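Please go over the structures that come below.
Shared between the two complexes below is chain A, which pairs with chain B and chain C, respectively.
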Partner chain A sequence: MALTIAEVEHVAHLARLRLSADELEKLQHELSHILDYIDMLKEVDVSSVAPTAQVTDLANVMRDDEVRPSLPREAVLANAPDQRDGMFRVKDIF
Partner chain B sequence: MEYLVTIGLEVHAQIRTQSKMFCGCSAEVANAAPNTHVCPTCMGLPGALPYINRRAVELAALTGLALNCRIEHNNVISRKNYFYPDLPSSYQRSQFDDPLCVAGWVEIAGEDGTRRIGLTRVHIEEDTGKLNHQADGSSLVDFNRAGVPLMEIVSEPDLTSPDEARRYFQKLQQLLRWIGVNTGNMEEGALRCDANVSVRPVGQKEYGAKVEIKNMNSFRAVERALTYEIQRQKAALDAGETIRQSTRGWDEARSVTVEQRLKEGSEDYRYFPEPDIPPLRLSDEWIAARQAELPELPAARSARFIAAYGLSATDAEVLTADRADSEYFEQAVAAAQAQGVGARDVAIWVTGELFRLTKETGESLGDIHDRFKPAYVGEVIALLANGTITRTSAKEVFEASFRDGSAPAQVVHARGLAVIGGGDALAGLAREAIANNPKSVADYKSGKVVAIKFLVGQVMKASKGQANPQAAQAALEEELGRV
Partner chain C sequence: MAELYELTITEARRRLDAGDITSVQLTEAVLERIAAVDSQVRAYLAISDDLAMRQARAADARRRAGNATGPLDGIPLAIKDVINVQGLTTTCGSKIIENFVPPYDSTAVARLKDAGAVLLGKTNCDEFAMGSSTERSAFFVTHNPWDLERVPGGSSGGSAAAVAAGAALGALGTDTGGSIRQPASLCGVTGLKPTYGRVSRYGLVAFGSSLDQIGPFAWTAQDCALILGAIAGADPHDSTAAPQPVPDYVAGLNGDVRGLRVGVPKEYFVEGLEAGVEAAVRDALELLRANGAEIVDVSLPHTKYALPVYYIIAPAEASANLARYDGVRYGVKQAGDSYWDELERTRGSGFGAEVRRRIMLGTYALSAGYYDAYYKRAQQVRTLIRRDFEQAFAQVDILAAPTSPTVAFKIGEKTDDPLAMYLEDVCTLPINLAGMPGLVVPCGFSAGLPVGLQLIGRPFDEGTLLRAGDAYQRLTDWHTRRPALTAST
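Showing the complex of A and B:
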C-alpha cells in the first residue's frame, strides 16, 4: 500500500516529529513497506475469532476508593527540564 | 430568514470520590498546592499500573440510572491519544465504543409543560492536568487534576433554545447533587459544560454545520454564549456565508465566541482498548445493587408532596429543589403533625420566613438542621394556633429561635411574649382601664355598649399587645358588672 507524502506529513504531525523532505521520502517508502507486511495479515481467515484487546482473561480488576500517599513534590519535579512555583514550565500552546 | 436551532450539551462532572480514577492520590484537588496530589500512575510514568476505582464506576452507574439510562454489561476503557502539555501520558483514559450508560432522558419544566431531553450516553474518563498561561509565553503545568474521575454526560441534540439548554444543565446539576455523585460546584470546575450548536433554515432537513462552544463556566454563560453564537450563525447565513464545523471558546469579558485552534479530528485520536485495564463485566446483580442505592428523585418526591401534603405545585417544586431542604421539610411536617399542625402551614412558614432567613445568612436547611431543629417550625405554629402568642410575636419567636437555636417555648418565656389570656393580670389591667376612663364607663352604663371597645383598646395597649382581645373584653365585662 503506497502512502502519499501528505499522509506521511500528517502522521509525522500527530507524532510531533519534524521531518526534512529527504526523511519524508524515505519514510514514505519504509512505512509503505510496513503496511504491505500488515496487509499480509489480512490473508488470515479470522472470521471465527472474536476481536480481543486482552490476553490475560482478567475482568473487573478494581480497587477500593481509598486515598494513598502521593509523591513528594521534589520527586515529581526531579526530571523536569524547567520548573517554576512548583509546576512544570513549558512553551505555551494555543 | 427563519431558522431552527439545534443544541446538544456535553457535561463533564467530577465523580465525588476520595481518590482518583486509576490511583490512590487524593481527588480533593480544588485548593491543593500544585503537584502535591500526583504519583507515577497519574503522571503516566513508565511501568505504573492503573487500577480502576470501584466507587467511581458505581457512582457513574448510579448517575445513569437517575438519568433513566440503560447500564451496559460490558465496559471497555480506551485510550484517546493526543499530545498536549496537560496530558502526562499523551493519552486520556476514556470510553469510546462501550460507554457505561446509554439511551436515557431527563424531564425539564417549561412554559408549556415538561419536555423530555434525550441522553445519548454517560461514560467515565479521567481529567487532565491544568495549564496556567503566563505573560512571558510559557505555561505552568499542575498535574493535581490529572486522573480525577469524571463522567461525561452527552445529550441528544434535543435542545431548541439557549434558555432550554440552561434549564437542562440546571436540572442535571440538581440531580447530580441530589444523588450525591457531584458537588455541583462550577467555580471549582467540578461541573463543566460544552455545547454543540447549529442552525438551519426552516424546511431544510439536514442539520447545519456543528459548532462546538467551550469554556462556559456558569448557567448564565451557557445561555449568553449560545444566544451570541446563534445570532452569529444566523447573521452569517443571512449574508450568504457558510458555517464551517469548528470549535469556539466563550470569552466572558468580551461576551463573544472566538474560534479556537483546530485539534485533532476524532479519527486522529486513535482510540484503542487500554491494555492495562481488563474489561468490566457488570452483572445484573451489580446493576440491581446500584438501583437499590438510588434515592427517591426530585420529581417523585415533588409529586408525593402534592399528593400526601396537599402542597401547591410551586411549593412542592421549591421544597424539592435541594435534597437536604426536602428532608428538613418532611421532618418538620412529621413533628408538626404530632402537635396537630398541618403540612400546608409548615410549607407556608418554611417557604416564607425560613427561606427568607436562610437567604439572609447564606445557609441551607441542611446547615441549620442541628440549630433550628425541624420540630421548631411546628412548635411556633402550634403556639400561634393555640393562642399562646400573637402573629407578630410568632415571627419574632421564629426568628429568635432560628438565630440562636433556643426552643420556641423558651423564647416565649424568656421574652415574656405569652398572650395574657385571663386571670389576675388581665383583671388588673381591666380595673386600671375602668379607673382611668370614667367617661367610657358612664357611656357603657348608660347603654352605649360599643363604648367597651375603647376600653378593650386601652387594655390591649397596656398589655403591649400581649392580651387576647376576646379575653380582655370578657374581663372588662366582669369588672364593669362590679362597678
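Showing the complex of A and C:
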C-alpha cells in the first residue's frame, strides 16, 4: 500500500514529530514497504474471531482505596527541564 | 582454575558460603574484568562501581554475621538500561531521556537488592528496546564477545554481552519480541523470557505493554532459576503481575527428561534458517530423545502471520507509550516558539530513526479509518496464534525450536533494511504474542559462533522449561565455553 507524502505528514503531525522533508520521503517508502508486507494479514479469515488485547486473562484487579505514601514532590520535579513554584512549567498552550 | 569472573552464580555462591572468597573479592574481580575488556565489548552504558562495592561490603558483613539473605547475596549482576535503579541514570539508549535519574527502584531491582545482589551498572540496548542488534543505541554499538566485528543481538545486547564477556555473573534484560532470547543465542549464554505477567513491569520503561517482560541472563538454566525466583511474583504496583505463587524453581531441577513430550513446530524451521543453526538444534533434540524425552512433530499453522501482527501491535503500543516524552516532566527539551513547537522539536530530534519509524507505523495503524484494517485485525490474528499454542500444548509439555535463523551477523549488515532486521525475531516474537515463557540454552556453534536452542513452555510453567534446560546442560558443555577475549592494555 503506497502512502502519499500528505498522509505521512498527517501521521507525523498526529505523533507530534517534526521531520525533515528528506525523512518524510524516506518514511514514505519504508512505511509503504512495511505495510505491503503487513497486508498478508488480509488473507486470514477473522470473521468469527475475537480480538486479543492482553494475554493474562486477569480482569478488574482491585485494591482498597486507601492513602499510601508517594514520592516527595521535589523528587518528582528533579528531572523536569523547567519548573517553578512546585509545578512543571511549559510555554503558553493557547 | 577458573577466574572469579568466569564463575556461575551457583558456584560463586558455594564459594562465598564456604568462606573461600568474599563478595568484595568477587566484585573487584568482575570490575577489573570490565576495565580490561569493556573498551572492546562496550556492554555498559554506565558502571556503578561505588554502589557495587558498598553492596559487596554489606553482603560480606551479613554473611560474617550469619545473616546471608538468599542465593544472590553478594552476587554481581548487570541491569539493562530500560529498568530503573534509583539514583542511576536510565537512558533507555535514547538521547531524549539521557539525563533521567529515576527517583525509585523498579520492582525487579528492588527484589534483587532485597536478595542481596550487587549491581555493577546499566547495560547498553537498542533505543527503547526497539531493535535486534544493539546498533540502534543512541550512544554506541555493543560488540559480540565471540567476534568483535559482529553484533551481540538485541535489544538486550549489552546484558548478553556482559555475561558472555565475564563482565557480570548474570544480568536482567527485557523481551518484547525476542530481546532476551535472540541475544542469549547470539552470545552463547542462557536467557529466559518469563510468562507475560510473571515479573512485575513496575519501573520498566514501557515499550509494548501487552508484550514486555523482564527476565534473566546467566551461564546456566540453574542460575536463571535463581534470579527468576528472586524477581517473580505479584506486585501491588503492577496489576498485570500475576498472582500465581512462585515455586522453588531450583528445587525442581532434577536432571530428568524421561517421558517429557517435546513438540517440534515445523514452521520454525523456516526458509533462511542457516544449515549450521538447524544442525545444532536437531542434535540437541536427538540428545533429549536419547535421554528419554519423546520428540513429537507439531504444527503452529499461523506462525507466518506473527511478524506482521507484531509489527502492528508493538508499534501501536509503543506510539502510545512514547507519547509521554514531551520534554515537560523529564528528558531533554528543545527550545521553540510555543509549547507545540517545542514538543515537535523535542520529539523530532530526540528519538532515533528506528523509534521514529515505529512511532509513525503505530500512529498510522491506530489512526482514524485504519484501526479496523490494521490494529483490530492484528489482534484477531493474535487470537489465532495463541490458539495454535493452546492446541500444541494439549499434545506436548514443551516446544523446542531455533531461536534465531542465523548466528551473529556483522555490524552494519542489516541496518539499511528494516524488514531484514525484523526477520531476526521470526522465531521468538510469536511467543510474546501468546504470552508464553521461552528459555534459550547454548546448543553448539556454527562457523565458530554460538547457537541457542529455544524451549517454549505453557504459561507459568517456567519450572518445566528450566528443568529441561538444566537437564540438557548436565548432558552438554556448551554453556561452559568462554570467548577468547584479550584484555586491552
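Methods note: the second predicted complex is superposed on the first by the 93 of 94 C-alpha atoms of A that agree within 3 Å, B and C clash if a C-alpha of one lies under 4 Å from a C-alpha of the other, contacts with A are read in each partner's own complex, and residues count from 1 in each chain.
Here is the rule we use: a contact is a pair of C-beta atoms (placed from the backbone, for glycine too) under 8 Å apart; a residue touches a chain by one contact, two chains touch by 3 or more.
The model shown is predicted, which means the values in this text are computed figures rather than measured ones.
**Student:** Return first, second, both or neither, reflecting whether A:A53 touches chain B, chain C, both chains, or no partner chain.
**Tutor:** Both partners, chain B and chain C.
**Student:** Which partner chains sit in contact with A:A78 here, chain B, chain C, both or neither? Use first/second/both/neither.
**Tutor:** second
**Student:** Under the stated touch criterion, name the partner, chain B or chain C, that contacts more residues in chain A.
**Tutor:** Touching more residues of chain A than the other partner does is C.
**Student:** Is A:V8 touching the first partner chain B, the second partner chain C, both, or neither of them?
**Tutor:** In the superposition, A:V8 contacts chain C only.
**Student:** In the superposed arrangement, does A:V90 touch chain B (first), chain C (second), both or neither?
**Tutor:** A:V90 sits against chain B and chain C alike.
**Student:** Mind working out whether A:A21 is in touch with chain B, chain C, both or neither, as first, second, both or neither?
**Tutor:** The answer is neither, since A:A21 touches no partner chain.
**Student:** If we overlay the two complexes on their shared chain A, which of chain B and chain C does A:V67 touch? Say first, second, both or neither.
**Tutor:** first
**Student:** Overlap the chain B and chain C contact sets on chain A and report the shared residues.
**Tutor:** Comparing the two interfaces on chain A, one with chain B and one with chain C, the shared residues are 14, 16, 53-54, 56, 58, 61, 63, 71, 76, 88, 90-93.
**Student:** Can you name the residues of chain B that touch chain A in the complex?
**Tutor:** For this pair, the touching residues of chain B are 17-19, 23-26, 33-40, 43, 51-57, 76, 83-85, 132-134, 137-143, 261, 264, 268, 270, 272-273, 275, 277-281.
**Student:** Chain B touches which residues of chain A in the complex?
**Tutor:** Residues of chain A touching chain B: 14, 16, 53-54, 56, 58-71, 73, 76-77, 84-94.
**Student:** Hey, which residues of chain C end up touching chain A in the complex?
**Tutor:** 99-101, 103-104, 196-197, 210, 236, 239-240, 242-243, 302, 304-305, 307-309, 311-312, 319, 323, 326-333, 336, 338-340, 342-345, 347-349, 351, 353, 356-357, 359-361, 363-364, 367, 374, 376-384, 386, 418-419, 434-435, 459
**Student:** Which residues of chain A touch chain C in the complex?
**Tutor:** For chain A paired with chain C, touching residues are 3, 7-8, 10-12, 14-19, 23, 27, 30-31, 33-35, 37-42, 44, 46, 49-56, 58, 61, 63, 71, 75-76, 78-82, 88, 90-93.
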